[in-house]
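Two complexes, one shared chain (chain A), two partners (chain B, chain C).
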Partner chain A sequence: MKFRCDRDDLSEALQTVQRGVSSRPGIPALTGVLMQVAPEGTLTLTTTDLEVSARLTIGVEAQEEGVALVPARLLGDTVKSLSDAPVEFEADQAQARIRCAAYEGALRLLPAEDFPALQPPSGIRVSVEAARFAEGVGQVARAASRDEARPVLTGVLLEVSREGLTLVSTDSYRLAVRELVATAGGEARAIVPERAMSEAGRAAGGMDKGDVELFVDESQVSFEIGNLTLTSRLIEGEFPNYRQLLPEAYESRLTVSRQQLIDAVHRVGLFARDTSPVRLEFNALGVKLSSSSPDLGQAVEAVEARYEGEDLTAAFNPTYLADGLAAASGETVRLEVRDGLKPGVVRGESDDFTYLVMPVRLPTPVG
Partner chain B sequence: MTRAETPVLERVPGQKPAMAFLRRAVERPHHAYVFAGPEGGGKQLAARAFAAALLCERGTGCGRCRACRLALEDRHPNVFVVEPEGRDIHVDTVREEVWHPAYRTAPEPGRKVFVIREADRLNLAAADMLLKVLEEPPADAVFLLLSARPDELPETVLSRCHIVTFLPLAEGFVVRTLEAEGVEHGLAVLAARLSGGNLGRARRLATAPDGLSFRDVAARALERAEQGTSGALDAAGLVLEAAERYRKGLKDELERDLAPFLDERGRPEEAYRGAIRRLEERHKRRVKRAERDYVDWVLLAVSALLRDAVASAAGLGREALINPDRSPIARSVVAAVSAMVAVEEARAALAEDVNLNPRLVLERAFLRLGAASS
Partner chain C sequence: MTRTTEPILHVDLDAFYASVEVLKDPSLAGRPVVVGGAGPRGVVMSASYEARAYGVRNAMPAVRARRLCPEAVFLPPDFEAYRSHSNRFREILLGVTPLVEPIALDEAFLDVGGAVMLFGPPERIAERIRREVRGEVGVACSVGVGPSKLVAKLASRRAKPDGLVVVRAGEVETFLDPLPARAIWGIGEKTMETLSRLGVRTVGDLARTPPAVLGRVIGEQHANDLIRLARGVDDRPVVAYEAPKSVSHEETFASDLDAEEDLFREALALCGNVAARLRKDGFRARTIVLKVRLANFTTLTRSRTLSAPTDVASEIYRVARELYRGLPGARRRVRLLGVQATGLVPAGAEQLALLRGERRRDVEVALDRIERRFGPGAARPAALLDRRGDGR
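Presenting the complex of A and B:
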């Protein structure tokens, strides 16, 4: 194979396909990037770690079609360091030759037939606006579990229906749900590893405009983001029925400046430890936050806000609460509470995002 | 029919019942199997063949398609191989290489096959994690646990697996195989007899330049041990010196094996790093075990010499001897048997407890051996 192209195009493309794909030790072929040149003038780069694969096509001046599996890191580093001039690339069975200005290098190739056979995108097709998709992923990804003991919770649930696309994640202490407007060709459900989901979100965030296309089938999900296709394996298993956890109505509601509440939770939360959460006392004036630790000291802060409902006290893990407040959008945020034992619900200015956070049970006062 | 056309499950020789069982299992496999049987009997060969048959594009284990070829070389993306790093299989290894991929959809369409070599070396936490996967197995996964000591696997793990028994290879089969590889008949018989059905070991005995040297060490030690107390202590020293020579030789040999994968500065080349790490681990383990392995071979050879003395005293002919190339030593049946007891006790003690000092165990054995003959 043989082609000629712009250095920046190639360098950027190589970086894109390498990001998000970890190199699994033990299988040399996975450390390579598969390069395919087609006669119509395209170069397709593919990488995979068997869980996530990335494929990107760019336009090149194709001189001879062909396939080569090239050590990805070395190639990436080489191309990045080349001077700003057209790059000529030529590969035979054993090695790849790179020429650029006065530079000439030869890289030993990996056996291309060892590269895993990847499946093209297939299944139910979903279109969603790229910017909204990126925002939605950012809102739910934090709530996914890091604990491998329950594999399904380490992923993000994709629920596709005629009405749209729902993203859900939970680590059983909090639950994040984002509804997205989308056009879909049918119904589908899939649990996508959080790492792949975040990578797709990041790539979508880099798009100026346009849609992300998702293809969901039984064994994989693909995201077509511009000229990049990310494909991920799915997590097998049954995602918890989250809908039954979402309360239908609220009894008490705090409407408050989002930034003010986030800052207060952070400040007061510095004294909170696993066993001592942040207490929130809701009353007509707003909310009073407090936390204390026998070893460290204590802090109190009152935040003025509009509160509808009876006075009550609830306690939350400050990190989980702050994550939810940060994920919600808009100037103001709504915090719905029922009593100290039921989950609190965080909503932004629009109704498409819901964040549930489990309260920490406070010790019953003595006497 | 050439080898490339033979279905993969027909290619594992000398294990008819086990392979017949696996051929029937391919169509509707259980989710977990223990391949139980002594080292060198073909368990790994069988595991690769079974994995190939499970992943084969034609569904039969044709041996020709891409899936078969890759599986036979341990390179299929859907095959996950786990083996001890150091002494044990650690919980982190099981989490990364078994637990994690088990609950993902397979890298390529089809089943996922997990091969756990030397499964009896799973430590407690690792076995627990594996057990959880076996209790809630993903529908498309098949687990193959290979072990020469299946009784050391936790009962909870064993009870969830079908056991496939691999027998020690028949002596005739080992002899024929070695002869087919160009080993001369007499040597093939000797190696087969000394290796007790372990083809790999028989091959090493027959082809390594000093493969049979431990027998000479055994004969010399036996002779020395009969010359009183200081002779017995010398005998122990003699064995340990030979063991050390063997260990060093093995170390050099393994370093030579690795050399092609290293760059000029002795570091592994990027693309092979993972593969090399495994190779190095395996080497380190072998070198670490080398002294004990060698001592065990010598003791086993001492036992064999004594056993031949008993056979000869009982009037049996040459063909019944383990060492048909040597004249049996003269010893009364009673003396030879009590000497054998001392040797076998030493072997058992060394196999049982890795913390024993081999010199003390050997000295004790040779002192008792000398006493038995006087």
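Presenting the complex of A and C:
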């Protein structure tokens, strides 16, 4: 195989296909990027760690069709460091030659026949606007669990219906739900590893306009994002019934400048450690945040806001709370609370996003 | 080598809860502040010196305190804040010597017999502690220095508020003699009544009472103890508290077990004990260790560190079971099974969970309460109901 292309195009493409995929898959063939040149002038790059795979096609000046499995890391690093000039790539059975300006390198190849065959996208098709999709993934991904002990919670639930696409994640301490307008060919539920989901969201965020196409079947989901196809295995198991966790409207509600509250949570939260929360005291003037730690000290900050409801106090893990505030959209944010033991609900200016955060139980006063 | 005959310090924070409330809300400074339970049966837990001026005392019914000092600010206790200030207090003490015996959140004994070589005589150490506590905890404290715990404790009481009293070994008698006999530990209202009938009013009176006379009324042992204390003889050492490093339970079986279900049942019981202990002591464990001794006395241990520390039996059990399944070999006869929780961190405030599965802890806490009330084993996992050795 032989082709010529722009250095930036190739470098960017290599980085894209390497990102979503584990860098230490344990099987030699999986450390490679499969490069396929087609006579009509395309180069297709494929990587996989058997969990997630990425496939990207770019236009090149094709001189000879063919296939090569090239060590991905070395190739990526090489191309990234080349000077800004056209790149010539030529591979035979054993090695690949790269020429660019005065540089010439030869990389040993991996046996292309060892590279696994990947399943093409299949199943129910869903179209969603790329920018909205990227935004939605960004809103829910943080709430997914990092604890491998409960695999189901390490994923993002995709709920596909005729009305749209819902993205849900929870680590059992908070829950993020985003509803997206989408057109779908049927109904489906799938739990996608957070890593793959975030990668898809990121790629979708890089698109100027257009839609992301999703294909959901029993065992995998594919995202077609421009010229990139990301495919991920699904996580097996039953996702918690999140709808029953969503509370009906609360009577106590704080309406506050989103940025002001985020900043205050962050500042005051610097004194909160693993086990000590940030305390929020809601009253007619707004909300008073406070936090203390035996070895660090304490901080208090009052944020003026509109509060409708009875005076009450609730304490939250500052990171969980700030994640929710950051994920909501708009200038102002609503924080609905019931008491110190029920979840707080964060809502942005639009109704399509809901974030629940469970409080930290404060010691019960005696008497 | 420097030696001291007065190595014992008793450090007591002044009106601790009330002082912390003033720190939390500086506008309370200079006002009478009372911390206590609300409701008709609440009692005063702490009163600022301004409130004490009105006659408000600890353990007094809150209703009465309100009558004595209606203008006082009454607040419910905020143990989270007290604990965090207390932790800092303890750190300061531990900066002087490891020989710190905490008595309460606001009170501790120190044995500075060794620390004098580093920091100078006990009174200088006491001043240093008072300075640091005021500067870093923000609360005034009183320190008593003496040759024994009893004398140090009584000296700190004399030092209040915000003072230091040193009682030299040679002055113990003059210090103790005029104090009311009630000042001695172990003399309650009842004993005091008896003593009064014998004409014993002061510690000095008590010290001079023949043991045989007192022994006839309150029992020989008690009489001897009280008289010794009244003479200033108190040789109880300062016992340093050490946070536990791990909690473990293990069991050697009457006959070796080989069926996995039997082993898992035993493991469930052990995990329950470990978790209950963790909750009782206020810790969570980061690492779970499983110990398995086989019939041939080979001992296998396996451990796993969790993503978040736990004090929940079902969680510990899940890990223990996975560790067991990861052991080499298929069938094995097990002589002993042990579960250990290490990497302990203070439990602190509790993050609540949304999902039912995560509410397992609530169930276990409820079981703790049932056991406290009805005795061990009053409620337990169904799997343990027909456990062997229960004498069912």
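Basically, the second predicted complex is superposed on the first by the 358 of 367 C-alpha atoms of A that agree within 3 Å, B and C clash if a C-alpha of one lies under 4 Å from a C-alpha of the other, contacts with A are read in each partner's own complex, and residues count from 1 in each chain.
In the analysis below, a residue touches a chain if its C-beta (ideal position, glycine included) is under 8 Å from a C-beta of that chain, and two chains touch if they have at least 3 such contacts.
Please read all numbers here as calculations on a predicted model, not as lab measurements.
Q: Look at where chain B and chain C land on chain A after superposing the complexes, then choose clash or fit.
A: clash
Q: State whether A:Tyr173 touches chain B only (first), chain C only (second), both chains, or neither.
A: Only chain C; A:Tyr173 stays clear of chain B.
Q: Let me test your reading of the model: by the given contact rule, A:Leu341 touches which partner, first (chain B), second (chain C), both or neither?
A: A:Leu341 contacts chain C only, not chain B.
Q: Per the contact definition in the header, classify A:Gly269: touching chain B only (first), chain C only (second), both, or neither.
A: Touch partners of A:Gly269: none, neither chain B nor chain C.
Q: So, does A:Glu236 touch the first partner chain B, the second partner chain C, both, or neither?
A: The answer is first: A:Glu236 touches chain B but not chain C.
Q: Quick check on the superposed pair: does A:Gly136 touch chain B, chain C, both, or neither? Answer first, second, both or neither.
A: It touches nothing on chain B or chain C.
Q: Using the superposition on chain A described above, determine whether A:Glu218 touches chain B (first), chain C (second), both, or neither.
A: Touch status of A:Glu218: first partner only.
Q: Given the superposition on chain A, at which of 5-13, 149-157 or 167-175 does chain B overlap chain C?
A: Stretch flagged for C-alpha clashes with chain C: 149-157.
Q: Which residues of chain A are in contact with chain B in one complex and with chain C in the other?
A: Chain A residues touching both partners: 148.
Q: State the interface residues of chain C toward chain A in the complex, per the touch definition above.
A: Residue positions touching the partner: 36-39, 41-43, 45, 62, 76-81, 83-88, 91, 306-308, 318, 345-355, 357-358.
Q: Note which residues of chain A are touching chain C in the complex, please.
A: Contacts found on chain A: 146-150, 170, 172-175, 240, 245, 273-277, 292-295, 315, 317, 341, 343, 356, 358-363, 365-367.
Q: Please name which positions on chain B make contact with chain A in the complex.
A: Touching chain A from chain B are residues 66, 70, 75, 77, 81, 95, 99-101, 103-109, 138-139, 270-275, 277-278.
Q: Spell out the part of chain A that touches chain B in their complex, as residue ranges.
A: 24-29, 31-32, 50-51, 71, 73-74, 110, 113-114, 116-117, 119, 148, 151-152, 193, 218-220, 233-237
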